[in-house]
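Chain naming follows the written order as A, B, C and D, and within any one chain the residues start at number 1.
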Amino acid sequence: MLLKIESLTKRFGGLVAVDGIDMKVEAGSIVGIVGPNGAGKTTLFNLMSGQLKPTSGRITFEGVDITGSKPFRIARLGMGRTFQNTSLFDRLPLKINMAIARRMRTQSGFFDSLVPLREREEEADVARRAGEALEFVGLAGSAESIAGSLPQIAKKRLAVGMALVGEPKLVLLDEPTGGVGAGDISGMIELICQIKDRGVAVCVIEHKMRMVMGLSDRIVVLNFGRKIACGTPEEVSGDPEVIKAYLGSGYSA
Amino acid sequence: MTAENLRKYGVFIAALAVACFLPYIGISKFMLNVIIYAGIFSIATMSLNIIMGYTGQVSLAQGAFYGIGAYGLAILTNKAGLNFWMAMLLACLITAFVGLLIGLLAFRTKGPYFIIVTLCFNFIVYVVIKNWDWLSGGVRGQKITGPELFAGREARYYLVLGFVLLTLFIMWRISRSLEGLGFMAVRDNEPLADALGINITYTKIVAFMISCFLAGLAGCLGALHTGYLSPTSAHYLLSFNFIIYLLVGGAGTLYGPIVGTFTVYLALEFMKGIGEYRFMIFGIILILVVIYFPRGIVGGLKSLWKKVAGSRQAEEGA
Amino acid sequence: MATRKVVALLVVTLMIGGLIATCTSCGDTGPKEVVIGLTAPLSGGGAQYGTDCQRGIEMAIEDINKDGGVKIGDDSYDVKLSSLDDRAEPEQGVSNATRLATDDGAKIIFCPVATVIFPLLDINEKKDEEFLILAYTSIEMVTDEGNELIVMPPPPFTVYTKLFTKLAMQQGWTRMAMVQTTGAYGDAWAKGMGLAWQTAGGTITDHARADYYTETDFVPFLNKALASSPDVLLIGGPSQPTALVVEQAKSLGFEGGFIVMDQAKIDGMAGQIGMDKMENCIGVAPVEAPFPATPVFAERYKKKYNEQVTWESAINYTAMILLKDAMESAKSVEDPMAIRKAVPGVLPMSGDEFPVTLDGIENKGLMHMPSAITMVKNGEYTLSSDLIYWWKEKD
Amino acid sequence: MSYFFQQLVNGIMLGSVYSLVALGLTLIFGILGVAHFAHGHFYMLGAFLVFFLSVSFGVPYWAALVIAVAVFCLVGVGIEFVYRPVRDKSDINAFIVAIGMLLVIEEAVRAVWGTGNRRITNPYPQVLKFAGITLELQRLIVIGAAIVLIVLLHLFIKRTRMGSAIEAVAQDREGAALVGISVNRVSILTFSVATGLAAAAAALAAPLAFIAPDMANTLVLKAFVIIVLGGLGSIKGAILGGYLLGVMEALAIAYISPAYKDVWAFAALILILAIKPNGLFGGRD
């Protein structure tokens, strides 16, 4: 089991944002996380990748307990992520964005920058991988552009590329098609499938049900911070509680 | 490619050529003296650029670290009887070590809180030096005797030029190294950098230590050139000066610190003729520069160049 | 926005350009001129002190030039003062002195701040750039470095510690608390004073030094000092905060005496808080008291600057006249060593004629200026015209 | 024990001035994000105006105080216009504008009033003695007036529309703009109130000491320390922080070391911030 979450709870004051959730992600699979607004999906992501510390519960990644670890440590263990608002280094070119995302896999420190022996090799490696990653997400042509100047879909693709360039075993994608034009959605779905083909597991938060249903191996449904259903798309879509709580109008439409 | 390189490095090479022969092109002794000080302060401003320009943490403690370097050198040569160069290296290392300790405390805070914590630290260092006879040397102050070789003004000039170039080299390497990538990541987007596996606290502390080391170096050179130390060498107004130099020159640019330091320092020196009004006029100039050129001289020139180049390309394209 | 930017740029360039232009134009010198340099705090917190010194020198130069300048053989030289602001910072002082000595050709540089004088000792004997330092300070140590090109006119502050102790003890005061300013000068003074005090059998009850340059309220410090029930307080820093300390101590009900460090001027303090509040203050005599010619000078000064004269102006005035005589006697305006060597020959300068008496000079450059101390009793300065020839009592 | 209370009162008196100055700063910094380092210099200008009115023109003390506050409320409007171009840029740009401003002000005051210090005649020099504590009447007035001003400010913010606009912007700038509050008007108002407060503090405290062009250099430093200690934008934090620092200083003078009192106070601040990185009352990042 790649990722295992046991009775994870997060409280903000009196509000319970995530309430005793159990969840598993198998290596190389795609898990969709769905639920209405405020269901605690993003909070769950933030707990998984360390941006928030859980109130109680346990998270293990490849058998290592990562409960309450700092985000950078979790990232180094092999969990990449994107943010809902597509956070990038807006003032820097794409290739630099990629290089920064690869930085955690390099060893060179300050002294290597003065006497660039090891650094030369690593820089070449970083440049090569950054190029590959840009190519993979289809942005190879705009390596020199400034990240902030990109259209929304390209930003989303860049963010996915940055999450991947550090060679993670699992990536968390927070609404990869949010704010993206209808014509660009299929491209993103294709990209997510390609990630899976590389053997990288994917956790994806989405609102577009049809997309999640088609994409995911397993689906977790959240409502008011609790897991109300979990299983294959078919199992979940047949679950009466899910239909009642959330899918009712949305899915049939 | 060579044409572009020439354009890129042309100004630098020309400036370097002038710098190499500066003492022999009929420049007055006083000018040379002022330029030596400007060179020393530009090292301190470059040190600030590492932590503020590249890593995005505004430190108001650079004056303290300048002072710690200077007083470290004085104590190590005067009280411990160490060889000058040995003492200088040690003084810089001590400064970096103090930077580590302060960094561990201060980097728990962010933004304006960090600014105030560093300012408080600077204030503390100043008051301690002022009140502690053993450190300040009492009414006599601390005397610094440098090596015989660098007794002459010209020799000092080349010594400082050497260290300015060394610091510039370090800055240049950092700005395009993997370590520098980490700095810029922390500056531009901390949460994202964190999510991408960059250890933020570690990165900040490394940047701070390098910055402190170089500020200490500037302090040592300043002490050597003045030959004497008083508590003003660690005053927080010095920190303000460095920030002014950096912002006028352009934070986060390679040449900004040097351009800013020389512009401001030389302008103030020439304005001495008008006595008490010089700071009034300097104040007005400062306000205008920051309002209308918020990215400093070098930053402003860069964007101007881009605009010109951009419009030229557009013409060619059309 | 773009036009505004251009206008801003123009304004900045014009301002800087104009400044440089005025500076270069003030640099052009006539044929027969001798430049005297001054590096002093002329802006910032020390501006008053620097300006007082500057005014004394200016008045002397006016008198000299009215009198036909410095006469050497058949030539006569007009004297010109070139002043640069150093904000009392050593680095600035070194820059200024270099500029004055090498660009303006000044062979004599006045400097009234000890922390600037010390680094100048490193550069004033450099070949071809020599200059004579006119050190206006009471820290004798500046003359102890073996430098041959320094003249220090004011009496060293160590002169006062014994005199003050004796006078205070005569009042029956034995318990002293120290509330002087922080910093090297205040510390050195307190150390000297403490030594003299304890040697004479007094006790030090408390230390509550405060930074006179930054504090604006001394009550918490005074409360601490007064809690040790002293008879007398050692106070001193710049005159105005020192006056405030006296006022606040009295408002807290302190009825003992004050020993005022020489940096603070008794008459300056009285000008701030009034003579009645100065009761029981022991300090350096007011500037107009000891020397016959000073009141005349004080009157002229008041007329010209509309301010009370200070020791700074009076002593620097006399020192400037002394240097003019020395130049004439040495028959040189160019050779600082010759000018320095000619100084003993033109002494003494009498207080009957000049604002202060300069009696002699030691080889190391320390001048013999008789001093006087005072104690305010019943709203009057007492003892203030008794000149003390302190060097005769030196061991 | 009376010595302890004496120092406590001294500390509260120091703290009263600190609080008034810090209140203005926290409004400006917390609400507008402008590092108004020249705030202390307007305090100094306020003192000089009172000096000018009362000593040169013989205006009675309280009238001079009211005029000074009114004038500086207007001056605050002017300051806002200087900062407007840099308001939305990084903190440090506004900081440099502030440095430029204070250089101009300080040297201009020197040019007008000369380099020396001045005195404003203490309107209430009577000395009160009770329970072993000695206190000038004017000090009591400073302490009392500070409390009155703080209460007035509180009422202004809580009870008036203009005041609640300030609070709204403090809490959520974009949200406030959405519901139709003009950020520019709030900005002008904030500078006006803050500068008026500084002038009031100066007019109250100046007769106790002397006034000089550089009298507020350390004061503004301490005010910044206070607002950070209290948490940026927190009015409660600025008030308590001000009194806390004042009392801490007075007690450090009394029981630790007079010369190093600021060292202890500032070191304590560094430690507090290391434990609570957003200040005592700062919830927000």
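Keep this in mind: a residue touches a chain if its C-beta (ideal position, glycine included) is under 8 Å from a C-beta of that chain, and two chains touch if they have at least 3 such contacts.
Because the structure is predicted, anything quoted here is derived from the model rather than measured.
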item: Partner chains shared by chain B and chain D (touch criterion as defined above); value: C
item: C-D or A-B - the one linked by more C-beta pairs in contact; value: A-B
item: Distance between the centres, which are taken as Cα means, of chain B and chain A, whole angstrom; value: 41
item: Chain A and chain D: spacing of chain centres that average the CA atoms, whole Å; value: 48
item: Chain C and chain D, separation of their C-alpha mean positions in angstrom; value: 35
item: Centre distance in Å when chain A and chain C are each reduced to the mean of their C-alpha atoms; value: 72
item: Shared interface positions of chain B, touching two or more other chains; value: 131, 276, 279, 284-285, 291-292
item: Sequence positions of chain A contacting 2 or more other chains; value: none
item: Sequence positions of chain D contacting 2 or more other chains; value: 107, 110, 259
item: Each pair of chains that touches, named by its two labels; value: A-B, B-C, B-D, C-D
item: Residue ranges of chain B in contact with chain A within the complex; value: 170, 173-174, 177-182, 184-185, 188-189, 191-200, 206, 210
item: Complex contact set, residues of chain C against chain B; value: 4-5, 8-9, 11-12, 15-16, 19-20, 22-23, 26, 42-43, 47, 83-85, 88-91, 94-96, 98-99, 102-103, 114-115, 118-119, 122-123, 129, 139, 141, 182-185, 187-188
item: Touching residues (chain side chain D, partner chain C) in the complex; value: 3, 6-7, 10-11, 13-14, 107, 110, 114-117, 119, 125, 127, 129, 134, 136, 205, 208-210, 212, 214-215, 217-219, 249-250, 253-254, 258-259
item: Chain D partner contacts - residues on chain B that touch it in the complex; value: 52, 58, 105-106, 108-113, 115-117, 119-121, 123-124, 127-128, 131, 236, 240, 243-244, 247, 276-277, 279-280, 282-287, 290-292, 294
item: Chain A residues touching chain B - in the complex, by the definition given at the top; value: 49, 51, 70-72, 75-76, 80-81, 83, 87-92, 96, 99-101, 103-106, 108-110, 112-114, 116, 119, 122-123, 126, 162, 166
